[in-house]
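Per-chain residue numbering starts at 1, and chain names A, B and C are given in the order in which the chains are listed.
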Amino acid sequence: MQDDPAALKYSRMKSLWEYANPKKFMQVSGAMLPWAAGLSALCLVVGLIWGFFFTPDDYRQGSTVKIIYLHVPAALMAINAWLMMLVTSLIWLVRRHHVSALAARAAAPVGLVMTVIALVTGAIWGQPMWGTWWAWDPRLTSFLILALFYLGYMALWEAVENADTAADLTSVLCLVGSVFALLSRYAVLFWNQGLHQGASLSLDKEENVADVFYHPLLVSIAGFVLLFFALVLLRTRTEIRKRRLQALMNRERMG
Amino acid sequence: MLSVSNLAIARGGVPVLEGLSFALNAGEALVLRGPNGIGKTTLLRTLAGLQPPLAGEVHVGEDVLAYAGHADGVKPTLSVTENLDFWARIFGRSEIAPAIAAFDLEGLTSRAAQNLSAGQKRRLGLARMMVTGRPVWMFDEPTVSLDAASVALFASAVRTHLAGGGAAVMATHIDLGLTEARVLDLGPYRAAAGVGAAEFDSDEAFL
Amino acid sequence: MIALLRRDLAIAVRAGGGFGLGLAFFLVVVVLVPFGVGPDTATLTRIAPGILWIGALLACLLSLDRLFALDFEDGSLDLLATAPIPLEAVVGVKAVAHWLTTGLPLTLMAPVLGVMLNLPGQGFVWLVISLALGTPALSVIGAFGAALTVGLRRGGLLLSLLVLPLYVPTLIFGAEAARRGAEGMAVNTPLALMAGISFACCALMPFAAAAALRVNLR
């Protein structure tokens, strides 16, 4: 039986789901958290210092271009945080692992902060470049709408008292919201063609930024990914502790 | 008509009842007893399919149960006839006269439900069960705000239903005079904290 | 299902049903706009389609929190959930009732208010068509929001926060169609896109709303 690839795959899958057990998750995440936090700090320090002090000024944008090392990683994480919430929400709805739902809850405020960082750094960058803090450009507007979705999602978590009910409702909202966020993205593109430059990181080499800017940017992105990971781990651990406390209080009440 | 095996249920993530098994046949009535908070309402809602059980199974056919909760589901701006007629149509039926007669609502048919007394409104809510045409009736504290005469009306309606091959489950503290009803005391099934709970989809998973 | 539709319509038009409130709100919003932006007719002509769309959208939002809340409070929703009609159909029928008592009257009233905002003559027909196609989406998306917040004490405010971002695509295409119509441009693209969104919402949102209702009834 061991040689049967399907059986092998199943046993691997099973071991992956083991981490959805709150107790197991607490052990593993507790061991991972210092590493994730330390690596993230290292990458951020290296990436940002390299980016700010050891790259040349852009021939058109001058030194303002250096805000890219905050703007692009934050924007990337703002979207990826929502994608992660979508995946964990689906896992909760299908397999009903508490850790998954709590991880989605934990990621939302981090994602919102990333969205706000992307919007604020964008405004600071846009002021000298476009001569305005804010324009109803499709990319800016899409991020603003994304921020509204984060707000609604978090507000629903706060409003519902029963934790499992809240997890179910927010998961459904996350699914529906994802579809509408995507729709809004294209609707906004239709509505206004915009000022924003093309993607900074696309597979199309022509459009991409030059290598001198690119390498520190990659380090900086790695730092933001690790920072997001560390913050979500930390917040998920807090949420699990809160639920454990609640469960203990419930048990006491039942006597 | 309705059977339950090794059922466990939770309220607000906390297991309240476990290991509950019973069966209900045509012509039988079951009265649920137990102190406040033991989980009578939760049990009835689980039987009605409004919430999933933690463990165990509820065996019941399609379109067999009719449920009457704490609230009557009466629309204040509609008349008594309109309210009953609506529920009859929802259940694909049209005959409401027997229900009006059984619960002594004849003099009130055209009155808006907001002008009924609490007891009259309750009778309207109970009369709703007769127009559903469903064989198994489930009541949650049906006699709240009913006077003695109305309780007797209710008891005789249930008795007629049982004689016609129906069945009933009710959570009540009042003796309805239904001598044939079996009494199920829920006390022994109270869920013990932490025992076998880890497999449940509840807060216990965190302990 | 016809019975449910008839009941909801009867409740809406009887005393205390709040049938006229949405329309009155729409009127007030549109009347307030010139006080805010000034009486210059050229400006009003330019912004009229957008104002009418936003006014209709807000008026639609106003009555959403009652969509399931009343049935939830008096226990009817429990009973409907155990009735032979699937909950998805209950949601669909209630959204239709909401549209008949809100979206449709708003659509019919919009041209009258268009006159007050100096909407150009060619814009009226496209305004009505865009609202007629778009307001069903507003009702059914709203039904989803109402289903999410049905058991909550401060549901009304949260409902707005949840539903308004979901209204963005419908509003963009609807107002764009009305604007292009008023300026005498081709309206096909935004109108077709909005109709697509509207039909997709009507087909799919009842399932999401019913799922949320089932969770809230537990």
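The working rule: a contact is a pair of C-beta atoms (placed from the backbone, for glycine too) under 8 Å apart; a residue touches a chain by one contact, two chains touch by 3 or more.
Just so it is clear, the model here is predicted, and its values are computed rather than measured.
*Asks:* Mapping chain-to-chain touches, which pattern fits: line, ring, star, complete or other?
*Replies:* Graph shape, chains as nodes and touching pairs as edges: complete.
*Asks:* Tell me which chain's centre, taken as the mean of its C-alpha atoms, is farthest from subunit C.
*Replies:* Chain centre farthest from subunit C's centre: B.
*Asks:* Mind checking the centre-to-centre distance between subunit B and subunit C? Centres are C-alpha means, answer in whole Å.
*Replies:* Spacing between the chain centres: roughly 37 Å.
*Asks:* Could you grab the centroid distance between subunit A and subunit C? Build each centroid from C-alpha atoms only and quote it in angstrom.
*Replies:* Once rounded, the distance between the two centres reads 33 Å.
*Asks:* Would you kindly tell me how far, in whole Å, the mean C-alpha position of subunit B lies from that of subunit A?
*Replies:* 47
*Asks:* Show the residues in subunit C shared as contacts by 2 or more other chains, in ascending order.
*Replies:* Answer for subunit C, listing residues that touch two or more other chains: 218.
*Asks:* Which residues belonging to subunit B are in contact with no fewer than two other chains?
*Replies:* Residues: none.
*Asks:* Would you tell me which residues of subunit C are touching subunit A in their complex?
*Replies:* Counting only subunit C, the residues touching subunit A are 144, 148-149, 151-152, 154-155, 158, 161-162, 164-166, 168-169, 172-173, 176, 189-190, 193, 197, 205, 208, 211-212, 215-216, 218.
*Asks:* Please give the residue numbers of subunit B that touch subunit C in the complex, ascending.
*Replies:* 45, 48-52, 63, 65-78, 82, 85-87, 89-92, 128
*Asks:* Report the residues of subunit A in contact with subunit B in the complex, numbered from low to high.
*Replies:* 21-22, 96, 98, 162-164, 240, 243-244, 246-248, 250-251, 253-255
*Asks:* For subunit C, which residues count as touching subunit B in their complex?
*Replies:* Residue positions touching the partner: 2-4, 7, 10-11, 14-17, 73-76, 78-85, 217-218.
*Asks:* Can you check the complex and tell me which residues of subunit A touch subunit C?
*Replies:* Against subunit C, subunit A makes touches at 145, 148-149, 151-152, 155-156, 159-160, 165, 168-169, 172-173, 175-177, 180, 183-184, 186-188, 190-191.
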